[in-house]
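Just passing along the structure, written as structure tokens.
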Amino acid sequence: MATQANSVPHPILVEVDPFIPADQQKGLHNRWHPDIPAYATVKPGQVFKLQCVDWTGAQIGNNDFSDDIRNVDLTKVHNLSGPIAVEGAEPGDCLVVDILDVTPFEKMPWGYTGIFELENGGGLFAKEFKSKAAKAIWDFKGVYATSRHIPGVRFAGVSHPGLIGTAPSAELLATWNERERGLISKDPTAVPALAFAPEIKGAYIGQDLDPEVIKKIASEGARTIPGREHGGNCDIKNLSRGSRCYFPVFIEGANLSVGDLHFSQGDGEMSFCGAIEMAGVITLSTSVIKGGVEKFALKQPIFMPSPVDPLYSSKLIFEGISVDIHGDGKQYDMDATVAYKQAALNAIAYLMKIGYTREQAYLLLSAAPIESHVGALVDSPNACVTLALPLGIFEHDILPKEEGLQKIDFGQCAIRSDGVV
Amino acid sequence: MATQANSVPHPILVEVDPFIPADQQKGLHNRWHPDIPAYATVKPGQVFKLQCVDWTGAQIGNNDFSDDIRNVDLTKVHNLSGPIAVEGAEPGDCLVVDILDVTPFEKMPWGYTGIFELENGGGLFAKEFKSKAAKAIWDFKGVYATSRHIPGVRFAGVSHPGLIGTAPSAELLATWNERERGLISKDPTAVPALAFAPEIKGAYIGQDLDPEVIKKIASEGARTIPGREHGGNCDIKNLSRGSRCYFPVFIEGANLSVGDLHFSQGDGEMSFCGAIEMAGVITLSTSVIKGGVEKFALKQPIFMPSPVDPLYSSKLIFEGISVDIHGDGKQYDMDATVAYKQAALNAIAYLMKIGYTREQAYLLLSAAPIESHVGALVDSPNACVTLALPLGIFEHDILPKEEGLQKIDFGQCAIRSDGVV
Amino acid sequence: MATQANSVPHPILVEVDPFIPADQQKGLHNRWHPDIPAYATVKPGQVFKLQCVDWTGAQIGNNDFSDDIRNVDLTKVHNLSGPIAVEGAEPGDCLVVDILDVTPFEKMPWGYTGIFELENGGGLFAKEFKSKAAKAIWDFKGVYATSRHIPGVRFAGVSHPGLIGTAPSAELLATWNERERGLISKDPTAVPALAFAPEIKGAYIGQDLDPEVIKKIASEGARTIPGREHGGNCDIKNLSRGSRCYFPVFIEGANLSVGDLHFSQGDGEMSFCGAIEMAGVITLSTSVIKGGVEKFALKQPIFMPSPVDPLYSSKLIFEGISVDIHGDGKQYDMDATVAYKQAALNAIAYLMKIGYTREQAYLLLSAAPIESHVGALVDSPNACVTLALPLGIFEHDILPKEEGLQKIDFGQCAIRSDGVV
Amino acid sequence: MATQANSVPHPILVEVDPFIPADQQKGLHNRWHPDIPAYATVKPGQVFKLQCVDWTGAQIGNNDFSDDIRNVDLTKVHNLSGPIAVEGAEPGDCLVVDILDVTPFEKMPWGYTGIFELENGGGLFAKEFKSKAAKAIWDFKGVYATSRHIPGVRFAGVSHPGLIGTAPSAELLATWNERERGLISKDPTAVPALAFAPEIKGAYIGQDLDPEVIKKIASEGARTIPGREHGGNCDIKNLSRGSRCYFPVFIEGANLSVGDLHFSQGDGEMSFCGAIEMAGVITLSTSVIKGGVEKFALKQPIFMPSPVDPLYSSKLIFEGISVDIHGDGKQYDMDATVAYKQAALNAIAYLMKIGYTREQAYLLLSAAPIESHVGALVDSPNACVTLALPLGIFEHDILPKEEGLQKIDFGQCAIRSDGVV
């Protein structure tokens, strides 16, 4: 048939089942290490797809309790698809990656946002809120998401990989482990932990390798929680479908890995598992710029955002400064993290005025396309950070009114089966 | 003449001359204190204008040396126009302020961006760069600015008041002074200072008051450097002409003051005097929402941005994490300030590849409509912050290319007459 | 498995194979008539998918000649999926349709744009150009399209159904046929035809119906070429995925049909088959507003555009007026069609200066996200219309330069195997 | 004083008083003719200002009756500031004009939108509505306009010169006059007129010239109503402050003239005097590209729009096709003007449902930043054109609702003192 001729689907280099635990599947791994061999190799210019499980590897269900969040095993995260080697890429090169598309599986048109327990994962307000597990299930309806657990909003996804990066060299890996161990050593028993050292438990490589190699990788491999010089778990919402990213290359072939797909996320990803986490498919293509690290002074990835990121021009913006206004009134020294947190708490207080519970507001700000800008970082002692709610995501008008705000009963998000919040 | 009938200009409630030192003019003040009387009173709904000197009060000149920056007297800043009382505003109310326009004086179509000396003002990289005074003069050409000191760029201004706020109550003022003194006491001799205590020297009220009142204000009045719960020097670029801001009211009449007009600024305002500082005119109108503080949970101002903020959709975005990658490699704990600084240093390094000096790059990132987003603040231990260069402001294509970046000789910005950089 | 529970894919109500001729498949039809029974019925609020063949029903191939365009059988177009009845919809109601997503088939990651022969389909410049068949094949790479036949551009798709509408009542159908026959009668032998009367040849209903009913539908059914009061073939590029459309309902159930999916299109769709035509899947949901036609004065559809339409803020805009500047210089009377054509010819002339052939330029302006605005329609005698090229779709800088425009050899698009252009 | 040094305001090359009739002032003219001498000359790169009277030259007042609109003398329009010669510009060159700013006079913070009588000016619906004079006065509040005659809306201005162009050569002028006379001759007594021939009455040159020269200009000079190859009265709202325009040059010096300043306008400028007409100041700079007409195939101006055009991302869009749905149901042949009119009538009907009178709706759609896109011009016989209302300009929510639209009493615009509408 004429029209079928030359109809070649883009190849799927990693195939997974989103309903099967990650550690029972091939092509997935959850540690960073230069010795993890490439699972597949591509030529520059080739378009290819990678299927991805959700970041937990099928630990969370589409239901109305948060017990699975409470009990999640975080030694097993994040489950990444790859590594993918790119022909011709060498240390010092720049790997150009086009993130061409990011979509959920057709058979799994839903995702979730979670508040993790203070003792198991935490989140930006884990201590302030003494967080207990909670979650919202989001239904994917084409470009939009809605949630039965957070009624009254609908928004377009700024879909992106929460985690994408090239493999570190042995030297870079050693640097990471050393500097993070240094931080941990300041308070080794902190809850939540200050950082995460290599951990054999839960480590998974997803390929049939010599047990000695696996052991080495598991015992040395960097954890995937933080973003680092190679990209990694940066959780930048605008590294979305349609964006083009320039990565430094540290080993032969670059060995790109990707996972932690997000249907949507707000700047800051507040509640830790704050994005709308999903399993799905990412479409990529790559090219190599020889010597790009030197050419572009490339200490970390740089990128061009997508022309199809959601545009909501009307916003309500909350300010925050580096004083703990919502707590003890303590004055911090130009601390943008504190300023962000205050802006976020101002926004949560506002959302509670229109009827959301604190947990719903926390989840919504984490998951929706919230914009957070650094205002100023030079007006001692107060950093100023803003956080913007896009008005177009709300079904009703939430702007300040002469008569005050209309309070609606939006129920509550999914909480623990024992009812503890 | 028929067409002249009903042609009533908006009243100018504070008139100043931008070329005369601020402390020789009426209607200006440079401290926050509830006892500063209203200089004028408006009715809700009334449109009015306030003329403003530049933040230093005419200390900086349109020339090619930075000696004036080096020698600036910072006890005299910021010079604010007002206070303006609003009829009917009472503590606990919300003062709605429409920032209708912000323009330079016709007779002064220029402004400046400065790098301040480590010992006199500092800036975000004052220590890293051991900053010596430098500056760029910007010429205003309608909606655009260009600089002979930073060739190769032209951008539309996101013009705004760097500083706008309501007067504090005595209680709030006491809180500010106490918490900031607490911070200062941790390292009273820090350079730059951690914060700024009330300072009689340089204090100016701009009205004929009882000397005892002036003395009280000068000795208790909060300094204007940081933004606080009332707004103040937040330096939020998107609080721009066309925006609507909701302020908490702390005293009878609200007593709004405004100054530190910026023709443009980048998120973060990096170099301290990083905006394009200008003298000019701000057009405002107000309204009052009774009990708004309670109605909207208003701990700090919230605002709606303007529909006429500059739109540059193509961007090159730099990532930064809370590791001092450009310095000693130290690992910080979820520190967004460090992450912002690393993103900024990545951008500076890139701009140096295309030919700008470090000082030019620092000034440009401070002054142009740079966007800085908080990426994620939950991936321990690394905060991730991004910084976006709008491509449309550059006269030539600065994107990464196979062949590397074209390096152009852009000269140097204004430096000290002794040639020290 | 816990994560599989409640993972229910959205139902596919029409399933087709894009490689099989449309008239061999069920659930497709190519005429408008109230007697075509609903192929499926949905409840308000339900999310569902419809698969669609390309508008020609598999007549065009992915190859490098345009003979298939030359020989296309236009009596068989457009092939629509449906009708879909919505429970509770009655004449006079408003049918709200959310266009949730529009994607190509995974197995067919390509589409085409065609210039049709003057004698078979034509196009806006069919007479001026004495058009011979030509085409461009576009490869879909996630959100982007590129073409081997038009190198040097890449753009994000504003994907949409070229054709979507509710079924006409018998009265409305009669009105259409009468008024269009009136136009045809003014010049029955015009080439291209002024309009298209009902045509039994090629008519297809896609359901097993009484032959008498089929005959009635085929002989009375309105052709699908023009948009009309019910929507239909409006070819509005911004009725894209993420948009919400309000249709008048004319018969019980509303009977919505959809097809002619476009990966992208420029305003005007210049070359007739000017969009990037594709087969694919549309995801929809609906609701009903009783009496909406009266409530909203709904003579034709109205809609809210999508927040994820591609945003390219930098543009080069061409003006056109209602004088045939490119032809005989004739003065027209406030004719926006002529003004559009002149703006388009100005743009084509510019694109030829940078190296595209006339055919490539014609195809590119038809397919890319070109914006055409009505400037003014009141300055007698000249209508003014503009046409904007988004600069971000070009791989190189096409702006006017002191030194003129760089001319690149972009080859030629697909032409007829006999080489006639 | 140091800060005053080098503070050089941009020169004002044409100074006018907006309250004095145009024909009593220098530097204004209201016909196009190559023999009008340059009123001033600029060097490329120089920033300069031109003051402009409103298009009628002070015929319309800020009051609540439309009698001045009814009685306007249209032989005296448009009053243009200039011509301004640019050093070095020669026929065949491209004159690059940066429209740097467009602002009202401080002493005249208001403008107007008018519906002209069928017999004196008309407008797009003059016949359908049998238009009687009506108007709305708009108050300028910084970047925004509001009207006591059209309550319930506030919008940011997309301020622009309705009219800007280079002087025609004698040959081009002759072509204009010939082709427009040809159109007029088809129906010389049409009301409104089809076009406007040269007219001695009302002609004004604004310079002390030889009476013979004045007579020649007055008798041959092209009227300013339509836009033409040189730009002229194109009334393109996005040729706004911040845009850069490329004009063909037809005579030595280019001789640029500008006027008809608009604070805002909708695409189409529907009611003829549909923009918010104002007197004010335009800031410009120019450069010359030698041989630019040939280099860029420049038959008409092309331009780059401004980064500070108002952005209202939420819209309600009305469709129109080339059938007179609101009138006799007549079928037109691919007529975009008819399609625009139907979309506009659909929008007017909708606005009447929320409480505006037909006259208010007509004025609002003319004056507000309405976007009108050409949908498709190839689906015979129906052109499809859309018209978009930005939702952010309305004080209340105007979206379609289950319960219908809330109708508010908005009063009426300014009408004739005899009460005839």
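Some notes on this structure:
We call the chains A, B, C and D, going by the order they appear; numbering starts again at 1 in every chain.
Just so we're on the same page, a contact is a pair of C-beta atoms (placed from the backbone, for glycine too) under 8 Å apart; a residue touches a chain by one contact, two chains touch by 3 or more.
Note that the structure is a prediction, hence the values are computed from the model and not measured.
The chain with its CA mean position farthest from that of subunit C is B. A count of C-beta contacts for the chain pairs A-C and B-C puts A-C on top. Subunit C and subunit D have centres, each the mean of its CA atoms, that are 33 Å apart. In whole angstrom, the spacing between the mean C-alpha positions of subunit A and subunit C is 37. Work out the mean CA point of subunit B and of subunit C, and you get 50 Å between them.
In subunit C, the residues touching two or more other chains are 307, 311-314, 392.
Residue ranges on subunit D touching subunit A, taken from their complex, read 311-314, 392, 397.
Residues 1-10, 18-20, 47, 58-63, 68, 98-101, 106-110, 141-144, 156, 241-242, 283, 285, 306-312, 392 of subunit C are the ones that touch subunit A when the two sit in their complex. Of all residues in subunit B, those touching subunit A in their complex are 94, 96, 122-124, 175, 179-180, 182-183, 192-196, 225-229, 231, 233-238, 246, 267-272, 274, 289, 291-292, 295-297, 299-305, 307, 313-321, 323, 325-326, 329-337, 339-342, 346, 349-350, 352-353, 371-386, 388, 399-402, 404-405.
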